[in-house]
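Shared between the two complexes below is subunit A, which has subunit B as its partner in the first and subunit C in the second.
Let's turn to the complex of A and B:
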């Protein structure tokens, strides 16, 4: 029997989406699930989503929103595309921080930065930081460096809310080295290993051009990865966002499935605290 | 175009600094002096060197300084960074090392040290103590080219001058490529990316320094004879 493994990310306090995705995973008979964090933020049901993950004992790593709830907003905020977006983000942060129970905060604080299964590595943003975006068009050598330096063959990440599978292969780098005292340069060539980055997209706040929740399924035997899209009751969560007094643009974004005409100028920036 | 002199790891040694200044006077066409950190160290003349760097003597080539790993540790100790602990220094040198570093620098210099930049971009070159990833990053000619390329990419520079390893080398990326296949819910894209022709240059430390001519891209690794053997003082300390 083939062993499959589901990877979910960026749940963002959207209970309806989480329930639909978990039901879809159950329906396929998959019982190994890994979560890449961001259980909270943007959405109206942070406690409910945390408790669902806890009840199901799903191994989870800490996302940037989870970290900010525990440590406070001490990231440099440079990944926000505008001051307006930053103010909205802060408002949502304070809303969630006031409502998440102490017990659930302790759970968020206990989450590890990374999870590892053999040569599979699971992170929220990148192995360097929960705040770093590994976008699909990131410099291929830099992307490979993130996977290789972390000692992984396949890196599972989230954070961008856009699912993709990126295969980096047939790489090599030739170098010439000149050292003090040596008059002739030495030439070397390094063959780069084949590595993959799998972005699980977002369960609770998709931004890939569709309102459907996304996650990925990894076949542990063949290594094949499939991106799955799941329909859920989007309007239910949108109504709950507005009723909760959260910024209405979060409901707008959820009902359109893409970023609200904004994009960070330097999405690859690694936040230094 | 005039040449750059790149110096690091003076570690409080004013004699050594004077020797380098004197060596530079003899070499025509050197217009800019960059001091890539680790100006301080467990040296009794640390204050004298810092005063000289801050207020150069007439005839000195003006030093453009950035901070290094030792300054980072000292600033941490004094609460300028994080939680008033120099954890890496503590790990490497224990209580006595931390104490030595604290005593080596008069507090009157702290604000100046804290005002120094992490790195400089001049033309298409990045000048940094460690690397674009971390002031503690030790880049050498044996470091994986993939990591070196990443550090160049982070700064988007063609040449990265680094000092932390103390080694003098020039590693040029001369060729290669990588294939990237991205599949999302709608499309599949194939892309081949060539290795850009870029270099990482280790400028050396202490008595070993580097001259660089940006017009010709020529590198010269130099060394001044150490009068007092002071360039070796503290060797092994805090590294």
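Let's turn to the complex of A and C:
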């Protein structure tokens, strides 16, 4: 029997999407799940989603929204591409911060930044920061560096809300060393084994051109990764957004497959805190 | 030569663009007048709020706006006066006899009698493809004079506006100020694939709030004025933030002038 495990990310307080994804995972008989964080933020059911993850004892690492709820808003303004996005983000933050119970906040605070299983590493953004985006088209050397320095073969991340599998093969590093008193360089070339970055997409706030929730399934034996899309009752979450008193435009954006707030122009930028 | 033309048509059919092109081709005095059209059952006119006039004035600086001058320039062989009216339905009779009485009364106040009338969707001389037959139309507008937008926020707001976040918007037109002193005509029609963002020729110095026409007019159905208003408020710069954006621009301009 093959051993598969599911990786979910960016739940964003969207209970209907979380329930649908967990039901889909259960239906496949997969009982190992890893969560890459961002349990809260923008969506209307932060406590319910945290409690669902806790009830199911799903190992979870801390996302950027989870961190902000604990530490307060101390990201620089570069986190948002516009004043509008920033104000909406702050409004959503304050809304969630006021409603999340102390017990659930303590749970968010307890989450680790990374989880590791053998040569599989699980992070929210990148091994460097929950706020760093590993975009599918980022420079190959930089991408390889993130995986290699973290000592991983496969790096699972989220944060971009766009699922992808990127294989980093045929990587090599050429090192030129000039020794004292010796004018000739000695060169060494190291070939790196294949590494992979797997982005799990987003359960609660998809941004891949569809409103369907996404997650990935990893076959531990073969290493195969499949991206799964799950339909859920988007209108139910939209109604909950409006009933909760969150900006109605959040419901409109979710129902059209747009993120609540667009990503910063330079998405690779990491806040200097 | 016939030189006082009345140009009518429904919202977003391209009246102002066509008028601008006529003026740009015309050798001689150009004059413009915008009149209000008739309200019809379920069809709100909505104010144009000087957007078209300000845009045309920017494109043709010597243009005479009859509405703001004491008298219309006297007819001459080289004068072209174009009168623009938003009119939902084509006239039943072609020519001056078919002019809407509401428009006729306004023309009389200016002592004008068009010698030619053209209606979009009716006269083959005019572009035809964008003419829509509106059955119901609400209108909402906001004066934005002195307001300056965060450029990226404006982009997000406009995207949401024309894609239905605040009701079914059929038509949106605006003049919007940016912190670097530029102003843009933002123009969208449901029948078009994308919005136009046309910079005005006139650029104001990046020093405080500009004092020129800035207005947003939205036409559509089931509009959400509170939602639009709230988002606009999130997009506009306060004095302090505006100064933060403008101070480096002024410094750069001074440095360029010093080096030049």
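Here is the rule we use: the second predicted complex is superposed on the first by the 258 of 273 C-alpha atoms of A that agree within 3 Å, B and C clash if a C-alpha of one lies under 4 Å from a C-alpha of the other, contacts with A are read in each partner's own complex, and residues count from 1 in each chain.
Keep in mind that, in the parts below, a contact is a pair of C-beta atoms (placed from the backbone, for glycine too) under 8 Å apart; a residue touches a chain by one contact, two chains touch by 3 or more.
Being a predicted model, the structure only gives us computed values, none of them experimental.
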**Request:** Examine A:167 and indicate which partner it touches, taking first as subunit B and second as subunit C; both and neither are also allowed.
**Result:** first
**Request:** Kindly classify A:249 by the partners it touches after superposition: subunit B alone (first), subunit C alone (second), both, or neither?
**Result:** second
**Prompt:** In the superposed arrangement, does A:87 touch subunit B (first), subunit C (second), both or neither?
**Reply:** second
**Asked** Should A:176 be classified as contacting the first partner (subunit B), the second (subunit C), both, or neither?
**Response** first
**Prompt:** Is A:103 contacted by the first partner subunit B, the second partner subunit C, both or neither?
**Reply:** neither
**Asked** Is there a shared patch on subunit A that both subunit B and subunit C touch, and which residues make it up?
**Response** none
**Residue numbers on subunit C that touch subunit A, as the complex places them** = 150, 152-153, 155-157, 160, 163-166, 224, 227, 230-231, 234-235, 237, 241
**Item:** subunit A-touching residues of subunit B, taken from the complex the two chains share
**Value:** 141, 144-147, 149-150, 153-154, 167-186, 191, 193, 195, 204, 208, 219, 221, 223
**Message:** Help me check something: in the complex, which residues belonging to subunit A touch subunit B?
**Reply:** 136-137, 139-145, 148-149, 162-181, 185, 187-190, 192, 208-210, 214, 227, 229
**Item:** Contact set on subunit A toward subunit C in their complex
**Value:** 81-85, 87-88, 247-249, 252-253, 256, 262, 265
